[in-house]
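Read through the structure below, which is laid out as structure tokens, and then see the notes.
Just so it is clear, A, B, C and D label the chains in written order, and each chain counts residues from 1 on its own.
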């Protein structure tokens, strides 16, 4: 068993020594340690993973002890994770299957240590795939009129399933600020452009119109502002004058699924820390 | 000796056969042929290079004959190039040397078959480099007040030097529409972002603020609209939370010089055709 | 309906004119044309796609006519394809699912216009996936002793299913030269390294030992010499000292499936021509 | 003023705490800390940079103190650097200028905080460039017969110039094991292939023969075994059937200079640690 601390606080002397001494002094064996200082923001960030085998503080007391002894005096914010606890992930989809298959095949093969208690969609198209993988599928069509009611229903389902985070696998609906406030930095989206270029609808068509030579995809946490949340991961692929909007879409699908899955895997591994609309991605 | 035709016209049957028959029938040997059809625009594009050794039409008559026999009946626009004629290239710079050295070293080594009759700058910093390479350097400081006068002077120098095209190697001044009208699709710029993201000033700082995971550079023909001309070439490099605006700038310099030089080399090889604010880049 | 010609022959004057005149003169409308000359080999290559709607030669006679009128006099080899005819593709797998899912999801979504009449494996692990997609699965365990018998059985199944080409989706058996002679340039493999580096077994471990900073995957046609057939497509991803053989394997899986699928899609689109242990990949 | 420690030792509990406590307890302010554990090798690696402003141990005593108090008890090997001390770099070249210009322009612009006391070459071609930049150039032609004598002369020059490390900027001679023993992990080479593919002579021609779709360049420390030393950095670029050995060479030049310069810059920043024929590249 291991534990992971994700930390940020104002930068000042001695933080690394203090935190590593806390772990070491209580017989924890540090498995990995990464730290980062943002000199512009004067902010210190750290991810620390240690082995709990001989750690003298019982699991359920670690958070309290760390808060009292280290975090409070340092003005530190932290998250404590036990990575052997499998996260529970909901997947939202619409009509396209490429990201969904990519996610489900990683989960099924055991590459991702995660549970998927439910899939939610505004269309019925993906139901057969969910059935094949034995995952409950909820068809909740969304219109202007029923959106508040359907979001309430979604939230009920997510809470009943004890969902930790949500993956929008090309889900073509905007979530309300109210919904997002329940899962801060826990809703992951894939946008089919190299943000901030081509935010919003039809990015491949816009990229085609502009005559770009490279297209991209962006995985980000969702915030109230459309396509403007903290970026987790991006990647690109070359295009040329020989491409049409249709081949942009086809090439883009490969990017979307890989970039989304990389981002989700970072989240599953608790390697992401968000601060000031940016992510720190620990290696 | 060879000739190159760059062609575009409304798409219709038989154009390839007609043009290749024109070359072949006059004993030209086709060295390379690339064609492209933009189905959305209903437009046909072709680049054709052929050997003039036994070609029966004298060089100076080729344009006329082609216009009369092929271009006019097909509603075709074309450019005729003789690639053994070295193009004459002006370089505009400001204070940074990385793109300038990259260009001059390619020219000096003979990788680029081009003449560089002059370098123009709004600052004196690069003069010693120009001197080392034996290229006339003109220091023309630009202010709001003297801009029209200085552009007039620049145009005089360019015309006197029989310049074919202009490379803005991180030249930090906006050229007027009037200036640009003299060199349509013949002014090449490097913008230090992945356009259309972060057009305008300080793109690395804007990219840093947005928290992107990849930065880019864009080589494009300059038009009256800032950073909005036809894109010739783009490339990108990964960044992370460990980077600062300063390391964005440092990493970006490598991109800028390579992307600019790739774009310029395509122009020198007459591989670029512009249509509707996009480029067709023949391989 | 369209037809595609893939051509190669000794390079000489007038081939493009001759071929395009053949199409045009018989009222075919050329949809796309790409040609390439390998000056070292003195060899001409072309891919030509045209619309059959008003083409005056009936489909079943095109091959004969072209052979007689063009190919024979020019010493030309050619393949004639009718891309609306769906190719029939067999998939060979062993124990890993990532390439298989990638293939099946593209097929199911209709992105690939191809039929998959059977999946063959030396292990039973992938059977449930085949069942889900409704594709017959044949479990043919291979040992040193039974290899000839099992290959004979495989060939029977392939012939009965009228298979056009075979995809080895991380199939961990070497096929015999005899087997391969039945499907020349029609067996596509993915090798999990950047060939020619790390041919053979355990390439990720070998790459780790060597301390490379980039790993790759290579899609190629299978020939009698192990991992030495014509390369269709390659791609790479960065690794670092932080990676272990396990994370090489994990990162490599994403490469493998994308690179294999790109290669297979090129084959499906009839964009691949093989000559002298190399591929010409038409855009 | 800052100091940098590069450390490796057998992995065991408490090393981070011990080292950071050493810095912190002596009033050093840690600027950056990166650690890595190679679980296969059971080996711990760290790079630590700290501010010396209030550090209580005088600069000239730091090494001794650290050796006695920390390194010896932990079985640790370490290098201590003071990055404000400019390294002295020799450049070896033959006939090609692209890497040389790339290096000199970075040095001249101040992007690299390094001194270049001399350039050595087996040909006279690059002398004019050295002269332009005001750097002493030594023309030492090498033949089978005079190699020992010329290497002795090179070593004299290097020692007289107090050179810290050597960059082989496309130097086309193999250095002897004896020579290399004087500069262990301090001779940096660029090889024009994606190692370990195409080691040795004419890699672009070999890559062309093999029909690869991507070419690469590799920056590595030179050891007695040709092209087999610890890899520092690699990068790649796409090629196609349209490329010839000549265009491989042209495209490769851009890779070579950028990859070499990235590797050299890592060395200058003291971000490289070598262990067991591999490099640890600290971010």
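One rule holds in what follows: a residue touches a chain if its C-beta (ideal position, glycine included) is under 8 Å from a C-beta of that chain, and two chains touch if they have at least 3 such contacts.
These numbers were taken from a predicted model, which means no experiment stands behind them.
Participant: Please indicate which chain is farthest from chain A, where distance is taken between mean Cα coordinates of the chains.
Facilitator: Ranked by distance of C-alpha centres from chain A, the top chain is B.
Participant: Contact counts by the stated rule: is the higher one at C-D or A-C?
Facilitator: Top pair by contacting C-beta pairs is C-D.
Participant: On a C-alpha centroid basis, what's the spacing between chain A and chain C, in Å?
Facilitator: 36
Participant: Compute the distance, rounded to whole Å, between the mean C-alpha positions of chain C and chain D.
Facilitator: The separation of the two C-alpha centroids amounts to 41 Å.
Participant: Which chain D residues sit where two or more other chains touch them?
Facilitator: In chain D, residues 240, 242, 283 touch at least two other chains, as defined above.
Participant: Residue numbers of chain D touching chain A in their complex, please.
Facilitator: Touch list, chain D to chain A: 13-14, 16-17, 20-21, 23-25, 29-35, 37, 238, 283.
Participant: In the complex formed with chain A, which residues of chain B make contact?
Facilitator: Counting only chain B, the residues touching chain A are 36, 38-40, 45, 194-198, 210-214, 216, 230-236, 240-242, 244-245, 277-281.
Participant: Sort out for me which residues of chain D touch chain B in the complex.
Facilitator: Residues in contact with chain B: 96-98, 101-102, 105, 108-109, 111, 132, 240, 242, 250, 253-254, 258, 261, 283.
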